[in-house]
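Just dropping this structure here.
For clarity, chains are labelled A, B and C in written order, and residue numbers in each chain start from 1.
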Amino acid sequence: MQSIAVLLAVGVVAFSLFRYVGDPINAMVGQDTSMEERAELRTKLGLNDPAPIQFLNFIGNAMRGKFGLSYRTSEPVGRLILERVPATLELSFCAAMFVLLVGVPMGVYTGLYPKHWSSRSLQAVSLIGISLPPFLIGILLILVFAVMLHWLPSFGRGQTVQIGWWTTNFLTWSGLKALILPAITLGVFQLTLIMRLVRSEMLEVMRTDYIKFARARGLTNRAINFGHALKNTLVPVITVAGLQLGSLIAFAVVTETVFAWPGVGQLFIQSVQFSDIPVMAAYLMLIGLFFVLVNLIVDLLYFVVDPRLRSQGGTARVAGH
Amino acid sequence: MVARSALSGWLHRAADSDVWWSFKSSPMTVAAAVATFLIVAIAFLSPLLAPHTPFDPATLSLSDGLKPPVLISPDGDWAFPLGTDDQGRDVLSSIMYGTRLSLAVSLAAVAVAMVLGIALGLVSGYFGGTVDALIMRIADVQLTFPAILVALLIDGVVRGIISVKRHDEIAIFVVVGAIGLSFWVSYARTVRGSVMVEKNKEYVQAARVIGLSPLLIMVRHVLPNVTGPVLVIATLNLGLAIITEATLSFLGVGLPSTEPSLGTLIRLGNEVLQSGDWWITVFPGITLAALVLAVNLLGDWLRDALNPKLR
Amino acid sequence: MAVISNNPPLLEVKNLRVEFPTRRGTLLAVDDVSFDIAPGEVLGVVGESGAGKSLTGNAIIGLLEPPGRVAGGEIRLEGRRIDNLPYEEMRKIRGARIGAIFQDPLTSLNPLYSVGRQLVETIQTHLPLSAAEARTRALDLLKEVGIPGAETRIDHYPHQFSGGMRQRVVIALALCAGPRLIVADEPTTALDVSIQAQIIALLKKLCREHGTAVMLVTHDMGVIAETADRVAVMYAGRIAEIGPVRDVVKHAKHPYTKGLMGSIPSLGVRTERLTQIDGAMPRLTEIPKGCAFNPRCTERGARCLVERPSLMPAGTSRASCWLHDRGGVGAPILKETVDA
């Protein structure tokens, strides 16, 4: 339900942008087209049709990847975006791995031993983590590791390998090196969020009756912490983590600008600066689609983890414990 | 006389309250409060305190350009304690003016978000039905997108509607509006929840029976209930708003370089970072991080102090 | 209901003190509490909320919630001191030697694991059984606690059981490693009245069959009267009176217990109205000097305002009341106003 609403809303916003803020004719043809030709095109394209019909046409075109021409480069928007999707997806994937593999264990640890000095210092560091804007983290990383130490590149993807239409960083040494700083930059903010979330959920779960009862049954700490507590912590964490990881793609906008990473985020920023409406509309649809996919995966995971959903046919989502 | 004893009674209760106790017993929080106060005070007094007026071209001299900070290098000049940028602007003064602008924009944005969110929350919770469903659906959809993206989108649209030249003049309002519009959801949800709970209580029914305007009841009885949560959200939002403004300006779609905020300063410095003139970027960056950290610490503490469940 | 009083006690609690440090000073929540439980015996512990009965139970299973802590006294199980054991040693006793049942069956079970899995993991933690053997034992236990269709129910999740059925599962979990003692903290409070009696009957039956002793913590005097062999009445962190349940109910020795018994409606005797004790139990921060009950007591004397009584023999029971001391309560305190 939620997913459909989001897709619909995103579609309407993208359509309104495309149709009313920008000039769709400009998106289609070059600068040198005459007024008559434009008017003719206008009728031919159905721009004089009622709005709902135009909307349906727009969605139909969008589904076939047709978003018109970029105002800025006069290239088809669909192709522009498709060229840049691999860069963004690979960057986001690395950042997501970094977030999950580091953030969740840190959250579990600080949740289990909240009073320990190392937890307290992690907690303090995490607050610095969410107080540093990502672009600042990127700049500092560049300053230290690229400008001062010359260890890692400060911009671009390095050498990439082409596999079909997909270009990948994963197959060359320089490509992998180029991924490190951007992935950390993109991940740090989410990492601290996930860590703090896991920690507070863990603390919450440790206070529940069933954990107390598990202790009263004499279960080992290992079974309680990593069986009972962790599994219950995961239920609420999955939702938020899913959304957070989904938003990595969007946050890539900033990171890609800092590291001159040739992804869709950078394309979007350029389109905002030039008010390149077709590209903005297409980017919006892309993000919406990605959100819906993430939501689907989250729902499936829920189903696997929480038996209460399985037996009720997955209709009701049980809040709390 | 009466007023005074009421005040002293209030002060006495405030001093005895759990919130005040938790404030005093957390040195980090006290430090954060002091830091916030200092940064805000210095920023707003920058016309009086700053050694230079960095964005008055008449006072600039290119021969002062790219001076390093005094404490780091013997080439430094005590007239420019934190060094200068390539135009010969004093970094310290730029930071003070920049912080003032960043704070002003962020506070205004939070105010916009708060007013909008509370109003929509009241309407949504009170009227319910279709209005409620519509507002909450919009909220859901908007939450899907990070605030920075929403703000970018709004900014891009405004650029599409008005000319680039005019845009620089109204840039500050665009940024305030864009950030404000991207943060209203959490206020609306909180207020709506509270209204839904209070709406069916007996005193509201009773007040309705004696003919009081229901909206008046809501405003008078519900709003005080949500002061705490709204305050927490506002504080945490202020940190986010500062970051968002800085990010927009850094990306070159926020405040123009003629009126630089902290984010603009960092962007300008970043352009010459490769040549190793780090101070132009790093000092505004530190200021930004310190400001956000202090505000976040306050927000964090406020949330814990007002949430008895966590104590 | 023969009580075997000659055997050495299963559980000995001596001079137990539980403290809670707070920012307004340390609260003494359990103050100098001593009692024994014989093997197979059911000891009821009653009192108002805040009297310290649940904390005493938690102290015995070694699960006081921080910052609460045992500040003095000792707890012995089968002669072995258990209040100062390291966490890991105490963990091996919990579940194996001492079982526990908590108030709310709805929240006592982990919602994400099937009841069978929770039973099997508890059994395997304490007994050297294979997974298949543990499952057989789990199945037997479920049948024993009266879960219909145990063979299929064993793989169900807690949310698929009703409240009463869940409490049966909880009882099975408490019993599954064959403990000698069960600490049952308000085991029926969260249940429907109609189900309470069933659960209490089940608990009583199972413990008799297994020879398990029970410390039954409740505020429900009716449950105690039906179930317990002996009863301890707690007030403001101390034991006001302890003795065989029949004697305490019929011939209460402490004025607080008398008041408590007067407030229970009885079917046999026609009374115009139930008596009640005026006032409320003092907060732990404001326990008066002398006997903690003195502000509410109708039989107090001058001595009660100054000296705190400990448990002393009073007939077949023992009570903390100067009425049962040779010195008595001291000079009467005149109530000037109500004189006429």
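Rule of thumb we're sticking to: a contact is a pair of C-beta atoms (placed from the backbone, for glycine too) under 8 Å apart; a residue touches a chain by one contact, two chains touch by 3 or more.
Everything numeric in this text was worked out from a predicted model, so none of it was measured.
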item: Partition of the remaining chains by touching, absent subunit C; value: one piece
item: Relative to subunit A, chain with the most remote C-alpha centre; value: C
item: Whole-Å gap between the CA centroids of subunit A and subunit B; value: 24
item: Gap in Å, rounded to a whole number, between the CA centres of subunit C and subunit B; value: 54
item: Gap in Å, rounded to a whole number, between the CA centres of subunit C and subunit A; value: 54
item: Subunit C partner contacts - residues on subunit A that touch it in the complex; value: 208-210, 212-221, 223, 227-228, 231-232, 235, 305-308, 311, 318, 321
item: Residue ranges of subunit C touching subunit A (in the complex, touch as defined); value: 61, 63, 91-96, 99-100, 102, 104, 107-114, 121-122, 125-126, 157, 159-160, 170, 173-174, 177
item: Footprint of subunit A on subunit B - complex, ascending; value: 28, 137-138, 140-141, 144-146, 148-149, 152-153, 155-157, 159-161, 239, 243, 246-247, 250-253, 263, 266, 270, 273-274, 276, 278, 281-282, 285, 288-289, 292-293, 296-297, 300
item: Residue numbers on subunit A that touch subunit B, as the complex places them; value: 2, 5-6, 9-10, 17, 21-22, 124, 127-128, 130-136, 139-140, 142-143, 147, 154, 243, 246-247, 250-251, 253-254, 257-258, 268-269, 271-273, 275, 277, 280, 284, 287-288, 291
